[in-house]
Every structure is written in C-alpha cells, then in structure tokens.
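Each chain carries a letter (A, B, C, D and E) given by its place in the written order, and its residues are counted from 1.
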Amino acid sequence: MTAITEFSVAIQKRVGRKRLLKAWKFLMGTVPFLFIIGMWELNTHFGWFPPIEIPPLSDVWGAIFFLQTDCPGFVAAMQQHNECNLTNNIMSSVGRVILAGFVGIPLGIAFGILAGMNRTISGYLEPIGIFMNSVSGIAWIPLAIVWFGVGWETTLFIMLNTIFWLIFFNTMMGVRAVPKVLVQGVQTMGGSYFDTIKHVFLPGAMPSIITGMRMSLGFGWRALIAAEMIGGDSGLGFMIFVSAVEFKTEEVFLGVILISLIYLISDRYLLVPLEKWTIERWGLVWKPT
Amino acid sequence: MSGEAKLIIQDLCHHYPDEYTGESVHALEGINLQVYENEFVAIVGPSGCGKTTLLNIVAGLLPYREGRAMVDGNEIHGPGPDRGVVFQEHAILPWRSVARNIGHGLELQRVPKEETRRRVQEYIDLVGLSGFEDRYPHELSGGMKQRVAVARTLCADPVIMLMDEPFAAVDAQTRITLQDELNRIVMATRKTILFITHSVEEAAFLGDRCIVFSRRPGQIKTEIKIDIPREERVWKDMADNPKFTEARDKILRLVRQEVTSDDEH
Amino acid sequence: MTSIDLQQARLFKWKKFATEGAGRLIIFLVGSIILWALISEFLIARPDRYLPSPLAVLLSSADMLNKGSLLSFYSDTLTRLVIGGAVGIVIGIPIGLLLGLNRFVADMFYPLMNFFQSVSGIAIFPVVVIWFGNSDTTVLIVILYTSFFPIAFNVLSGVRSVPVRYIQAARTLGASRLQVVRDVLLPGAMPSIAVGTRLSIGFAWRAVIAGEMLAGRPGLGNMIFSGQEFDNTAQIILGMVMIGITWIVLDHFLLRPLESDTIERWGLVSR
Amino acid sequence: QKEVTIGAAGNTGGLAIFVAQDKGFFSKNGIDVKVEIRNTGSELSKGLRSGEFDYAPAAFTNLPVALERGFDVRGFVGYVGAAFEKTTADEVVALIASKESGINTMADLKGKKVGVTFGSTGDLWLRQAMKEAGLGTNDLERINTRPPSLVSVLDTGGVDAIVGWEPFNFRATQKVAGSKVVKRGGDLVCFCAYLHGNPDRVYGDEETTQKLVDAVSEAAAFVRNPANRDEVAEIGARFANATKEEVMAGLDFWVFDPRIGSNTAQAFRNSVNLLIEQKKMKAPYDPARYLDSKFVRSTMERHPEWFADLGKGS
Amino acid sequence: MSGEAKLIIQDLCHHYPDEYTGESVHALEGINLQVYENEFVAIVGPSGCGKTTLLNIVAGLLPYREGRAMVDGNEIHGPGPDRGVVFQEHAILPWRSVARNIGHGLELQRVPKEETRRRVQEYIDLVGLSGFEDRYPHELSGGMKQRVAVARTLCADPVIMLMDEPFAAVDAQTRITLQDELNRIVMATRKTILFITHSVEEAAFLGDRCIVFSRRPGQIKTEIKIDIPREERVWKDMADNPKFTEARDKILRLVRQEVTSDDEH
C-alpha cells in the first residue's frame, strides 16, 4: 500500500466510511449552487444581463434591509408594524397557512373519518371531492374574488379549499385501511362509537393524515402564492407580484427564494420527521398514495 | 355441568344476504347450545360451516333475527364488555404499548388509573410478558401478540370469553406453548370460554366439551365430553394419555366425515 | 321464489343502484344541479353576480360557442398543455435517466433540483414575466418548469429501483452499457415513468390555468379571470366546470390507463 | 414595408393610436402598424422589453423605476397627457366612493378601504391627495386592484372607494348606484405617457420613427377636434373595452398632446422625486436620458396645422 | 480430468471494505481451482464463507486485486457472454416474454433473427416450456422461471456456466424435478458448470467433483470426486446408490465440522 492509500484508510477508519461518503455527497451537492452564485456574480461584474433582468446578488440581500428600512425593531416587526414590509408579508403568508391548517385539517379529518366509516356519506362526498380536486385550487380564485372580494378572505378560501380535500381524502383512505378487527376489538371491550373513533380510526389513519398534511403544505403553499398574486392584498405572493409590476426585480428574487426556503424548511424539518415518527413508532408500513 | 348456564343459545339460525344476487347464504341452522360457568367449550367443524358466524352473533358483532342468544340471562344486543373476544388476527392496537393495550378495556370502562395499573400488571405477569410493558406490538413476535390479546380480554373480566381460532396464525412450536399457557391461565382464572378452532388436537387438549359442527348450514352434529382434569393437561404428557387420544380420534373421525361428504357434494 | 321475495329482490337491486356506482353518480349529479338551481333561485340575492343558475351558465356557453371564443379558448389551453407538458416530459426523462444512472451526477445535481422543485412554477412567474413579458413563451416556460420535476424525479427513482440483479444478468449475457439502459433500465423504470407522466400532466394542467390568468393569454384560465373582471360570473362557472370535466376525462381515460397498463402488464405490482 | 407593432392600453388613453389605426393615419404617413392591447402599463413595458412590441407607451409613474434598473428606452412622442404647457395633468384621475361608505370628502377616507392599481398613476395621485388632506399611509387601507376589476370591487362592497381613470371612473358612477366622485384631478401629478422604444429601434430606423410621430400627431389633432367627438368615441368603443358613452365621457378629461418640452422634463423629475420618496427609486434620473424631442420638433415644423389648436408652452 | 482447464483460479483473495468502520471483511483466502471442459464442479460451504463472492469474481461482476482468474486462457475483466450466470432469484426480465428472455443473449450479440428463433425454440423444448413462449414471467411459477433462466444462459452458449444456488428459492418437490432436469440438460449439452449450493444432497447428486469451503475467510478445504455416470443420476434410483450415499455423507460430515466450529467461534 502506498502512503496515500494508507492515509486514506486511516482517515476512513477514524471517521467512518459512511459519514465520509455523506460529507462528500454534501460537498458535491453544493458545487452547482456555488457555480450558479458565481455566474450570478460574474453577471453583475460584466453586465451580460441588465440588473432589471438579473439583479446583483448584493441588491437581493440589500432588498431585505430596504424593505425593512423604517422598521423600528424586532418587537415592532412581530407586532406587524406598518413599516416592516418584508416581515409583515412573511407573517401574513405563514399566518394564513397556519390559520387554514387550524381550520382545514380538523374539518378534513372529521369529514374524512365520517366518510371512511360510512359508505353512504363517502358515496356522496367523494364525487364532490374528485370534482373539487380536478378544478385546481387556482381556478377558484376568480369566483372567490367575486364572492369575497380581493383580500385575505379570498386567499384563505383558496387555501382551505385545497387543504380540506387533501386531508379529507387521505383521512378517508386511512380510515378505510384500518382493519375491521381492531374496531371490533374495541367494541367488544365495551367501547362506544365515539371510542372507536378516538382509539381506532383516528390513530389508525394518522400516518395517512400526516401524509395528507405534507401534501397539503405542498399544494396549499403553491395555491396560496398564486392566490396572493391574483386576489390578495398582502403576503409574499403579493409582494413579488407588486414588485414585478414596479420592476423591482431584486425584491422578486428575494421573495422567490424566501418562498422556497420557507417551504423546504417546514417540509424537511417539521412534516418529514413527523411522518417518519408516527410510522416508525407504530411500525406501520408506509403506503405510497 | 356445575353452575348455571352463562351462555344460552336457542334455535339460532342465520342467513347472509348475498351482495350481488340478493339471494341469501344459509350459514347457521337451529343451533341449541349452553355454556355453563367455568366451562371450556371447544367448537370444531369444516371450513365455512358457520363457526365464526356463531361467535360473531354471541359477540354482538352480527345482529340475528331467528332464535335467541343470551348471556347471563340478558338477550344479546350489540357488543359489550361482558363478552370478551380474542380474534385470530392480532386485533391489538399498534399505536398502544403492551400495558395500554391490556388496560384498554378498563380504560373504556373508566376504571380508576391506580386500579387499572394494578390489574394490568397482574395479567402481564400471568401471560409472562413482564418487562415488555412499554413495547409496541410491532416489536413483539406473533405469539407474544396473541398473549397480549388474551391478557387484554381477561383484564376486562368478561362473563364469557370468546376465542376464534386464536392460535391459527402462529407457528406450530409457539402454538403448543400458547396452548399450555392458556390451560394454565384457565386454571388460574377459572374463566368460562367458548373456543373455536380448526385443529382437532387443540379442541381435545383444551375443551371440557367439544362440539362438532356439520357442513353449511352449520348445525350441531355431536358433542363429546373430555374428562381430563386440567392439571393433567400438559402437552408433554398428552401423547400417553388414553383419554386424550381417544377423544381426539373420535372428533377427528366425525370431522373427517363432514369434510368428505363435503367433497362429494 | 315467492312474489314477495321477487319484490324484495327488486327493491334490493334498486337500492343497490341508488347507493353504488354509476347510479349513485347520476343521482348525485342531477341532485346537485337541482340544488344549485334552487340555491341560485331562492337563496342568493343577486344570482347573476354571485351564483348564476345552471341555465344561465348553459346560456353563457351557448353564447360563447356562438361567438366561437369558447372553442378557441379551449383549443388554446389544450395546445399549451400539450406543448408545455410534452416538452417538460421530453426534457425530464433523459435528465432523470442521467441522474439515475450516474451516482456522481446525481450527488451533484440532486440538491439543486430539489431546491428548484420547491420553488413552485407559479412563484417564478413574476421573474419570467420580467424576462419574457406577458407572452405565450412565459406561460409555456411556467408549464414546462412545473411539469419537469415530477417526471424527472420519478424516472430517477424508477431507474434506482430496478433490481441490480437484472442489470448483472444482462451484463453477463454480454450487454453493453447502452444495451443495459435500453433493455433493462428503461423498461424497468417504465412504471415510474408512467406515474411521473401522470403527475407531470396534472401539475402542468394547474400551471396552464394559473399562467393564462396571470399572463392574460387567451384560454380557459383567462376566460374565468376576465369573467371576474367584467362581472360575468356565469362565464367563470362555465370555465371552472370545463376545467374540471376536462381534467377528469383526461385523467380517467388517458393517464390512468397509461399508468395501470404498464404496471399491470408486467405484473410489477400486484394489486 | 415592414409591419410595426405598437402596444396600447385597453383604456381610452390610447385614442390617438386607435384613431390613427382606424382612420388610416399610419398608412397615410407610410407605415404599416399592428396594435396590441394590454390591461396595464406594466404589462406594456414588459412586452416592449421582451420584444413583443416595437413601440409602447409608459407613464411617468412606473417607467422611471424600470429605467433606473437598466431598461433602456427613449420616449419620442406624447401618447396621452399634457406636460408641455404645464407640469401636471390629472383631470382624468378621480376618487369615487360608494353610497354606503359615507365618504364625502378626502378626510372621510380615514380607516376606509380604497381600491387602486399599485404602481399606477392613480396610486401616485392617491398618495399625493392623501398628503394634501393630511392623511398618513396608515390612515387607510389600499387594496391592489387591476383596472378592469375596479368597478366590480366597488360594486360588491369589497372596497369603500376606488381611484381610477377613464373609462372606469365614468363606468363606476353609472353602474354602482349612488356612487359619486369625491375628488377629481387637482394638479397633483402628471398622468403623462409617451410612446417609446429602445434606442436601437428608435434611432436604427429614424425614418419609421419619424413617420410614426407624424401619424400620431395627426391622429391626436383629429381626436382633439370637437367636430369629431362622435366618430372618435365610436372608434374608441371598438378598441378599448368600453361603450361609446364611456369613451365620450372620457374625452372631457384626457388631453392628447404629442409635444415634448422642458415642462415634460420637469414633470418627469417631479415624478421621480415622488418615487424616491416612496422608496421605489434610489437616485434621481436625468430626463434627458429618456426624452428626445427631436422627432416631434420636426413634425411641428413640417405640419404646424396639427398643433394649431394647442396652447403655448415650453 | 479430460480436456483442458476452462476456468483457472490462482491464489485468489478478496477483501470487502466495511461501510461503517472502513475496516475490511476478509471473504476469500488463497483459492486455487481449475474447472475442466465438460466438468460439473459443485461448491458447498457454510453460509457467508464466500461462495457468492467467488462466483461474482468469475462472472466479472466483482473486480479482484489479489490472485488471478482466467476463462479459456483469458484474464477476467468484467462480465462477458463467455460466462453465463444463473442467479438464485429470478433474474429474468419481467417485461420480456419467455421467448424474448431466452433469446436475449443472442439479441445482444446481434445474431440474425432467424437463427435466434431456431435456437430459442430448441432450448424452450429442452427445458420443457413449449407452449409458454409468449407468456410473461409473472404468469409463471417459480420453477418455470428458473427453467427460463437456465435456458437463457444455455442459449447464449457460454464457455462455462455459473450457477449460484439456482434452486434455493423453489419448493422441495419442484427442486427435485429441476435437479433431474438439469442433469438431463447437462448430458444433452455437455456444458462446463460451476455450481454453488447450500444443499449437500444437491452437490452430491449433480457434481462430478464437489469442493468444500471452510468458514470465512473462505478457503478450499477438501475436494471429493463423485464417480457416478450421468445416466445413472436419477433421483428415484439414488437412495439405493452406495456411491451417492457415501459421497453425500462424507460431504455432510465435512460441512458439519465447519458449521460446528463456526458455532464454537
């Protein structure tokens, strides 16, 4: 063995081959990002594309401070002070997701459980759901504007409409997949109708519900951004649309990057672990939908 | 039989409606059966003869129209904690730990926490699962899961325990162990049990009385008393027990008749 | 059978028809249209504005058909879907293949693709508009962008999931790298490609509607949007119904059979 | 003879272009033109950037922002507005309130919702009008509304008032029962838009540019002539999404003056200053880098008759 | 041994790197082996001793560093059609019909269509799959799939055929049939074969020579000649064949030794 292979084997032994491979993989993954950022900087330097098409990286960074210029500080930002443009828009988007989740998820679960337990109910709810899902959330925006006007009601409606049906379908499928003996088991121990929901259907459908929540976040977030652009008066979607109208490309870039980061982070660090946790904890096999 | 009849079935018939043709499947015909206190009744019969149907009716999971079925003098209407059921597949909940599965019946009946804990521990020890209290079902073997199911039913202290081929899904070796254990538990708890099985050996080994069903529509063909004291019922001694082999062979012959005539059919 | 039995059987059949399958669907459809008409007629203060009656929607469709705009909107939208979706898929398949075949390339570009996938096509719309204006190009780019990722990722995982044994077997029969791709990896990834295609077209469909709305290009999306701007709610609902029906037809009769055919034909998945 | 594509907004502000097209002033002056219609000024600018149009108009409200970010264009003839005689022209902009809102004066706007197209001249005007009335940015809620939706949001009660221009203002007063004009114009801003194209286009083919300026000037004169009101309104109704009455009503407020002068430059500077104040721009922008009066001057010399009815200015 | 050595292995060693620790697993140690023309060599040995590793190296699926491996005088570099492999699991392609699976090797070598069809038919007949030409693998039983795999390898006409526990995944009854059949095929085609198995009976029944591996790191422990004419090798006569029983018991003893010493380890 040469000195180099000896050295490499020594390192592999110390750190562990798997971990080294992981680190290597991570490094490789950053290469294209670095390349893109490099090209971006070069563009600023050589001016291949004007700033109106591709704003300098520093401008995108600067846009954060520009948007927050007259924001008195962190506390004020949390209180949604009028001058804290960026944080206000972030909070209104995120807030709407949370609000829609708070309303849509329990509703979807409730109806999903009912439909899963009762063929007649599901027989009538299912076609509505299929049609609602086919008319993609975005296609509801014009009608929602007619009904609710431009503003938060419309965006919330669009979000709810998206979230509700996804959760509904996933819960229904989850409930239907719960083995009948589990229900009978609880019934024969003196469990009431409500007990079977609480002890069997709800936990049994949980992995499926959480998968539904993941999908909701994905589809809902997209629908929200679109709704904010077309029929909203605040939020990140609204911000990038208005900024684009006013040719403030750096704010558009900033908004787009924030939109995907918020989604990526909440999916990766919130829902994926949650999904894994329920599935692994209960040893339920995950079925791709 | 000593004591009063815990379970009384009179002239019970059952028809299933057919989903497609609207015609009905005749599953049970004129069943008359009584199970007395502390008695262990085993039912055997060819596949599809209506054993599960009978058990489901007794468990209250299947409504019936013709005949009567009473537990402890009360007509059966729907499931209730007076009849505990052990199903073939593991009907224990994957999202509850062993202890919480076993205590589930008590929880549903709102028994105080302290009392629940005490009784759960008692049954965990009884079925030999000490140390596994906080495990989840997917971490257990098939035999252990069935032990949890038995303990769960016992813990709710039913008037009668209904078991539908509880050991059919475990391997032969484990099955023998579980049978020995069930025997020990029956001795310890003196439960009244209605036990359904495919296995003639199992019926002869466990039952005080064995009821042989005919082909569909299920009717009671014969019943055989098995007079072996529970203390003597241990598998390692069974091969030499003439009472056992005799009962077993007799049941086997009766069941064979049914199956063969079924084939001719 | 006695006559009572017969009657019961008839009742049973009727009940079955009413609670299952096509019968239930028909009852459901007719029922919901009647309900809609009733709500529109009696509950809503200004139905022409908030919820026009089914008849009004039908009349509006007749009107638009007459002007010829309905069909032209419809064909515009479908054309965009087909072009954008097809290009997305045609680019997505080889890229997915490349990533599936080569660990090195995959390690390098997977995180990048993952990042851009999470930037939804609609969110990049404002950027694309700055580059290309409110043109067809913009709408097509957004469609292409959204349809690219599902297919690429599915092909990638499809290729990865082909058992190594199949590859080894072909290699020991003397297959070259290219032949392995052609004879083993591509057919092996076929079910995933079918699933990905269906997903891609689904995403593309949403993108078409959103893109037309935002860019104001003629089509179904714009039809519902201008319906709102010009206070023509019947036109909005007509557009929505057409969008829904088109997707159900497309998905049910074209994409789903495509998916189940490949999967079931080779018995790759037992259902 | 190559076809030239000109973008125009779908409102009555584009009358000169519509008339030039319809009455054949373009072909008369030797160019072949195709007119494309868009809803907002920003859509027009983006279309020009992406090469959809050869020439398009943009107002002084959103154009400077784009100019600062490297959007390179030259304005060479007036499209709408009158920043030649004075630096403001905003009679066409108005605030219209619904009956239920109870708004009678600007001061009543406090705490109300106002529909306005963000980044439009209407938006700039609203801010100025608020300043004049002593209202701060937090005193009312501005709702971003695309021009065609202005009337319907006022109608549904989604907003209490709207700020728009013709034909939307007139349409609102007609369609929304009880609504009325609370404030109109007031020399606050300049609703001025100029036709422009990128320098390659404008100077690369100066002949075409000149012909276009000639045609637009001639058409503007035709539009301004009160004798033609009826015909102009009819043409407008065909091009813009508006009825004849609506166009007619707009004619009282729009000014069609193709000339470019020092007041034009001043109007531009004023606009830029307002944008800087609103944090939309960072630094002043020299109007000379945008405006070029040489083509209109040439037309004025050759065809003084097309400008005879207009007042003096610089 | 008659003829020349088709496969020559000299001083072959193999180490696997460990994924976690970076330390290596020593799988093979100093293997020296020759397989002659028309010879059937069976390899047995305890689980994990490196049999599959050896076969993968010969197949060219696993690069090796220490020692040499040659087929027909050529050093092995990567897989090639001169070495046909039959794997344990069904490595036939689900998306090709039986005929197209069998003809795959010829297709890859661009043999003319007509010729391919003829040869495919010949091997389909040989393995007894006539009538199943156009079926897809998922329509076949496990045993039939393995027949397809064998036919596919034979059809490509390799210099040596490598088989890694080809019959381990089929049930006992089918297995016996397949072994009889393989024997018949070997007689008919006179192929050179390296055969790996867990089953001592299988090795004794099929092999001309049986090589017993030691525990890991795999080394050749002994080799045993089995001198039964191929014509006599039929399962129904085997129980009475003293040569067979003797060879089988000898191999069994040797393997047992390895396994037991493994347990003590």
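A few remarks follow.
FYI, contacts are C-beta pairs under 8 Å (C-beta built on N, C-alpha and C of every residue); 3 or more make two chains touch, one makes a residue touch a chain.
A quick note: this is a predicted structure, and the numbers were derived from the prediction, not measured.
The minimal number of chain-to-chain contact steps leading from chain A to chain C is 1. In summary, the chains found to touch both chain B and chain C are A.
Counted as hops between touching chains, the shortest connection from chain C to chain E is 1. Just to note, of C-D and A-D, the chains joined by more C-beta pairs in contact are A-D. Between chain B and chain E, the superposing rotation on Cα atoms measures out at 175°, rounded to the nearest 5. Greatest Cα centroid separation from chain E: this falls to D. Chain centres here are Cα means. That of chain D falls 85 Å from that of chain E. Mean C-alpha position of chain B lies 51 Å from that of chain E. Rounded to a whole number, the gap between the C-alpha centres of chain A and chain B is 49 angstrom. Touching two or more other chains at once are residues 49, 129-131, 228 of chain C. Looking at chain E, one finds that none of its residues touch two or more other chains.
Counting only residues that touch two or more partner chains, chain A has 52-53, 145-146, 244, 247, 249.
Interface of chain D with chain C (complex): residues 38-39, 43, 46-52, 146, 148-149, 151-152, 155-156, 241.
Interface residues of chain B, counted against chain A in their complex, comprise 59-61, 78-81, 83-85, 87, 89, 91-95, 104-105, 108-109, 136-139, 152-153, 156. Contact residues of chain C toward chain D in the complex are 49, 129-135, 137, 216, 226, 228-231. The touching residues of chain C, counted against chain E in their complex, run 163, 165-166, 168-176, 179, 183-184, 187-188, 190, 265-268.
Of all residues in chain A, only 24-25, 28-33, 36, 52-53, 119-120, 123-124, 127-128, 130-131, 134-143, 145-147, 221-222, 225-226, 229-230, 237, 240-241, 243-244, 247, 249, 252-253, 255-257, 259-260, 263-264, 267 touch chain C in the complex they form.
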